[in-house]
Amino acid sequence: MAILVDKDSRILVQGITGSAGQFHTKRMIDYGTQIVGGTSPGKGGQEVEGVPVFDTVDECIDATEADTSVIFLPAPFVKEAAIEAIWAGIKFVVVIPEHIPIFDMMEIRQEAKKYGTTVLGGNTAGIITPGEANLGIMPDIAFKPGRVGTVSRSGSLTYYVADTLTRSDYGETTCVGLGGDPVLGSTFDEILKMFDDDPKTRAVVMCGEIGGVYEERAAPVIKKLKTPVVVMIGGVFAPAGKRMGHAGAIVEGSMGTARSKLRILEEAGAYPAKTFSEIPQILKGLNV
Amino acid sequence: MAILVDKDSRILVQGITGSAGQFHTKRMIDYGTQIVGGTSPGKGGQEVEGVPVFDTVDECIDATEADTSVIFLPAPFVKEAAIEAIWAGIKFVVVIPEHIPIFDMMEIRQEAKKYGTTVLGGNTAGIITPGEANLGIMPDIAFKPGRVGTVSRSGSLTYYVADTLTRSDYGETTCVGLGGDPVLGSTFDEILKMFDDDPKTRAVVMCGEIGGVYEERAAPVIKKLKTPVVVMIGGVFAPAGKRMGHAGAIVEGSMGTARSKLRILEEAGAYPAKTFSEIPQILKGLNV
Amino acid sequence: MRLFEFEAKKLFAQKKIPVTQGILASSPEDAAAAVRELGGEGVLKVQILSGGRGKAGGIKKAESPDEAYKIAEELFAAKIKDYEVKQILVDPLLDIAKEYYLGVTIDRANYKIVFIASPSGGVDIEEVARTSPEKIYKEKFDIDEKMYGFEAFGIGKKLGFTGDKLKASVPIILGLYNAFKAYDCKLAEINPLIETTDGKLWAADARISVDDDALFRHKELGEMGIEKRHEEGEMTEREKQAREWGIPYLDLEGDIGMFPGGAGFGIMGNDFIHYFGGKPANFMDSGGGPSPERLARMLILLDENPNVKAIFGARFGGISRCDDFAKGVIQFLREHGLSKPMVVRMTGNMWQEGVRLFEEAKEETPEVFEKIEIHGIETPIEEISKRAVELAKEAE
Amino acid sequence: MRLFEFEAKKLFAQKKIPVTQGILASSPEDAAAAVRELGGEGVLKVQILSGGRGKAGGIKKAESPDEAYKIAEELFAAKIKDYEVKQILVDPLLDIAKEYYLGVTIDRANYKIVFIASPSGGVDIEEVARTSPEKIYKEKFDIDEKMYGFEAFGIGKKLGFTGDKLKASVPIILGLYNAFKAYDCKLAEINPLIETTDGKLWAADARISVDDDALFRHKELGEMGIEKRHEEGEMTEREKQAREWGIPYLDLEGDIGMFPGGAGFGIMGNDFIHYFGGKPANFMDSGGGPSPERLARMLILLDENPNVKAIFGARFGGISRCDDFAKGVIQFLREHGLSKPMVVRMTGNMWQEGVRLFEEAKEETPEVFEKIEIHGIETPIEEISKRAVELAKEAE
């Protein structure tokens, strides 16, 4: 078992004919990921790495029964692509590009909620269920199948955490990159709930960082989970970021510092790890 | 019993301080209609005909528990007023003014559907439940309590039909003016269903006229009603109106003529009346 | 409010739709010069507020400036579909490979905006809709919905476009939808959308009808020289007079002058007259509670119409009062007289008083009321209709 | 992208918000002339891309042109909050009766636009939010929602406005919301919104931050002279150099040069150094698969920084390969040398090959690699952090 993506996921690459699309399509296929089709408006009928290209997501689904999409397109085109996929019935969309306009991601999220679709990103390294499917740009090398899930805003932290889990023989069920953009398609709490429902996931490592309020938002959910959550928050010693004017301060209040995030998550029952090497120690203590 | 409005309706007049608002507030009160408040942004605190005036619908509801609104405002202000009322929780809104922009009425209708609100108009003479409440600009004189409902796009036809029913001693449960504008807040089928659910309404007289497709749309509903429907359609001999370009013809097809309306409604089981005097004869034949 | 083709094209051009760049001509000289500027040939299209110009002879090809002069001279002299021709749009000639149809309107029954597209564009699109509905593609939108690029792309595909033409069709489809929304349209059409032999797409004709009731929020149209207007071409002199007086009025072909109340009853009264074998000469709407002046004007319109043989009058005293109505009519009759027989019925508010006033007036000045018959609530309106038909027959 | 006050006011004015009509001055002469034009008095406000100008002495009242000249001279010479002052906005003096706050931003946690209003505007609004939250009124909107007039009216009422001022507040509230939406803002604020003693409302200050990632669709800003920019004022020379090279870089106060991979690990690596008693000298983001040239530039930034005592290097070979990383670093070391000790760890893709390349290079030219320590996957990153702290301490 895993969450969101596995060996049966039928994956569509939006923007498959671009250079990043082509490059990562090959990588994903090499990993064994089931890439069933791609889209590139006006280039329907071509092939990329043996994968058929379609003009529209509708056509791709009709021909391939794709149910999952990963987007490799310049940021200005992401909103249209994601909403096209959502409307067409794709249930999981991974937005790799960074610099998605905030209003666009808000709109994508709104449509996703209407249609019951999960969106990751923008600016995510993607998601991997080791041994089954690798969607995005994450390196295979850090991962191996196992029993701990990870969720992080940062690609590089995901690699370090997975590497730690892999070398300590825990391995991973699924590793989820939420993305580094200021407004994200999914939040920690949503992914944590999915892990909680996955019988194979025995614990989750959640990596957050300074800024924003997505980590804090996870606290009430963590209180209710059966699955233990180990938490690392980067930026305890980072210089204070700039607030978005008075309005930002009024809306986000005292949230957003690494210390506030750690405090709130600890209070909710998460197990804090300062360094990667502490993670397997904590898991061992929890009999995971 | 009655539909949509009765002696317990708590009615708010939006635009109560305008000349039409003042004039008809007095008329409605004189009829015994329960007018509990009015609104006029910036004039909160005043009184009109002994009725308290508020700045906003929210405030009016808080103070008076209004549940119904009748709008007397210039057409450009109607959209805001209607949606304010709908959002505030008013369940029935009567739009008296004519010349409401089509897009505005579409938007009002959309919000009304979201909130489960019924809207009549624009360009309606209003609605009357004889002996209980008179909302709008309909003359009292034609009406008396009874057992037949009426629904019409035209105010003047409503008076003639009610006059006929009154003088033939059938009387009326409720008389509903849908309004004369091209896009309306409610349609025949919706009002017919309400009458069908009203135990006191023994028959309904529906008056339509040439143009539009609201009459045709009622046909599938009429087939299912327990209550008999007498139908009059004006414009059998009217000169053909102009079509709205090719697009209009494509969308509305062969609908819109008085003859097509009559044919479709007769096929659905409605009883056609050519003249007013035929109405009581038909009703008698139906043992109403 | 219907726009002229050249006006609609201005609005489309603002939404990035490629429209043919024609030249507006107000004289045969202009038309010849325009054709010269377009390289020696062009299409002359009369600018009138009506469809079916082509079939009515309002669109002609000119292959030289001289020919353009001659054609324009004829067009300016003619009436096309009852409209005087004041302007001609001289468009470049296109090498047509294929014609498409694009249109947007409101589906009132379902409260949706409908975008309509067909690969079989041109004059016979309505025929296509009837006989080959599978060639008509419709997409519905809520009033607050925008059209996404991928939706426009999907419509372009349905039209059969591929490659560069498909890409070129997307902004046209979006532009048409956006123009419809931006200008509170009741209708926006490109028919035909022309694909030329060199693979380009052009909006060769443009039709827009703006919701008159929404003009108050479209000052930008005025700034573009598009003013609120009425469609004079089809109006009779009497209709123009009535409009000046603010009275909704339409001339019909019969001989009974209709002097009724609201529009709804006006339409029904017209039917009643027909049921009893007569034909109304007009349609008219009094509005609620007409002033004595308005009543007088309504009667003048009927009295001065030579087609009118008899007048059918009906008043329902609703908010207004029948006695006020009676006073207004009596005053007019005494001041102007009436050359036609008239039958009038009053019912509703103060009808008895109205009848009494007429009877009193008749006693005072019987000569004025000789041909006037007054009824109250006791006579059904159907009887009055029948009587009006009789009066008209007697007057023949 | 933060806008200057005078730029934000231009955008507000386009949305019909009444902004004070100030005059922009680039010299003391300009400032004096501006005050003369405003009738002999005015407020001089430095135009810098930072809040808190008032408290930092960047807003001064002048009661004569001469005084304006003197104040402007001082302001142009000073640095306000680390920013050079290049322009001063000279605003008319207002007779202030009361100050309000209006702001719009994004509530990221709830995916809503939030409109914020308070009757207690002015510099201390954040304090008000903390101590008197009941004086802060918030209204949330979905991203595709417009604000209706009656909603704006409701907000105006919450601010305590009545009568004409209430009516005047509606277009200001709508205009602020519409500006926020129209320009893809992250923030739009009017603080203070001033009520003058004569009962008028004025947006006396204006703050807008536009989403940089959405600038591609706001060509109209460029047409208004508002170009994409960076906030130079607060940057060190090294930060400016890094930006020119396209390297995300921030100077910190410590002595350990951070040469890590992605931003996420960069933030965490900074914490690790602290956990072991050290202090990083910088934050840096390599981006994915940095070129040899980029690696060289990253190292130059550290080597030329006199504060840096030792360098902490970490590479996770993900999509990129550790051997490529090793080659780039080795090439730099051979060409430029490195004056600081460095400890480097490689893990992930091809880490063994990376370590081998370093070892080979060390054998070939041991003098170059004297102060370079290379580790592979077997040494945890925490050990490397600890070692970097030791190296820095040794170097003191």
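By written order: A, B, C and D. Residues from 1 in each chain.
Throughout what follows, a residue touches a chain if its C-beta (ideal position, glycine included) is under 8 Å from a C-beta of that chain, and two chains touch if they have at least 3 such contacts.
This one's a predicted model, so the numbers in the text were calculated from it and none came from an experiment.
With B-C and A-C as the two chain pairs, more C-beta contacts join B-C. Taking the mean of the C-alpha atoms as each chain's centre, chain B and chain C sit 27 Å apart. If you average the Cα atoms of chain C and of chain D, the two centres end up 59 Å apart.
Distance from the chain A centre to the chain C centre is 58 Å, each centre being the mean of its Cα atoms. One inter-chain figure worth recording: chain A and chain B are separated by 53 Å, centre to centre, where each centre is the mean of the chain's CA atoms.
Across the assembly, chain D contributes residues 144 that each touch 2 or more other chains. Taken pairwise by the contact criterion, the protein chains form one closed cycle in which every chain touches exactly two others. Chain pairs that touch, as defined above: A-C, A-D, B-C, B-D.
Listed in rising order, the residues of chain D touching chain B in the complex are 148-150, 153-154, 157, 162-164, 166-167. Those residues of chain A that touch chain D in the complex are listed here as 27, 75-76, 99-104, 106-107, 109-110, 125, 137-139, 141-142, 152-160, 163, 167, 180, 182-183, 187, 207, 209-210, 212-214, 216-217, 232, 234-239, 244-253, 258, 274-277. Residue ranges on chain B touching chain D, taken from their complex, read 41-42, 55-58, 80-81, 83-84.
Taken in their complex, chain C has these residues touching chain B: 51, 101, 103-109, 111, 114, 116, 125-126, 129, 136, 138, 142-144, 181, 184, 186-187, 189, 191, 207, 209, 211-214, 216-217, 250, 252, 260-268, 270-275, 283, 288, 316-319, 347-349, 377, 380-382.
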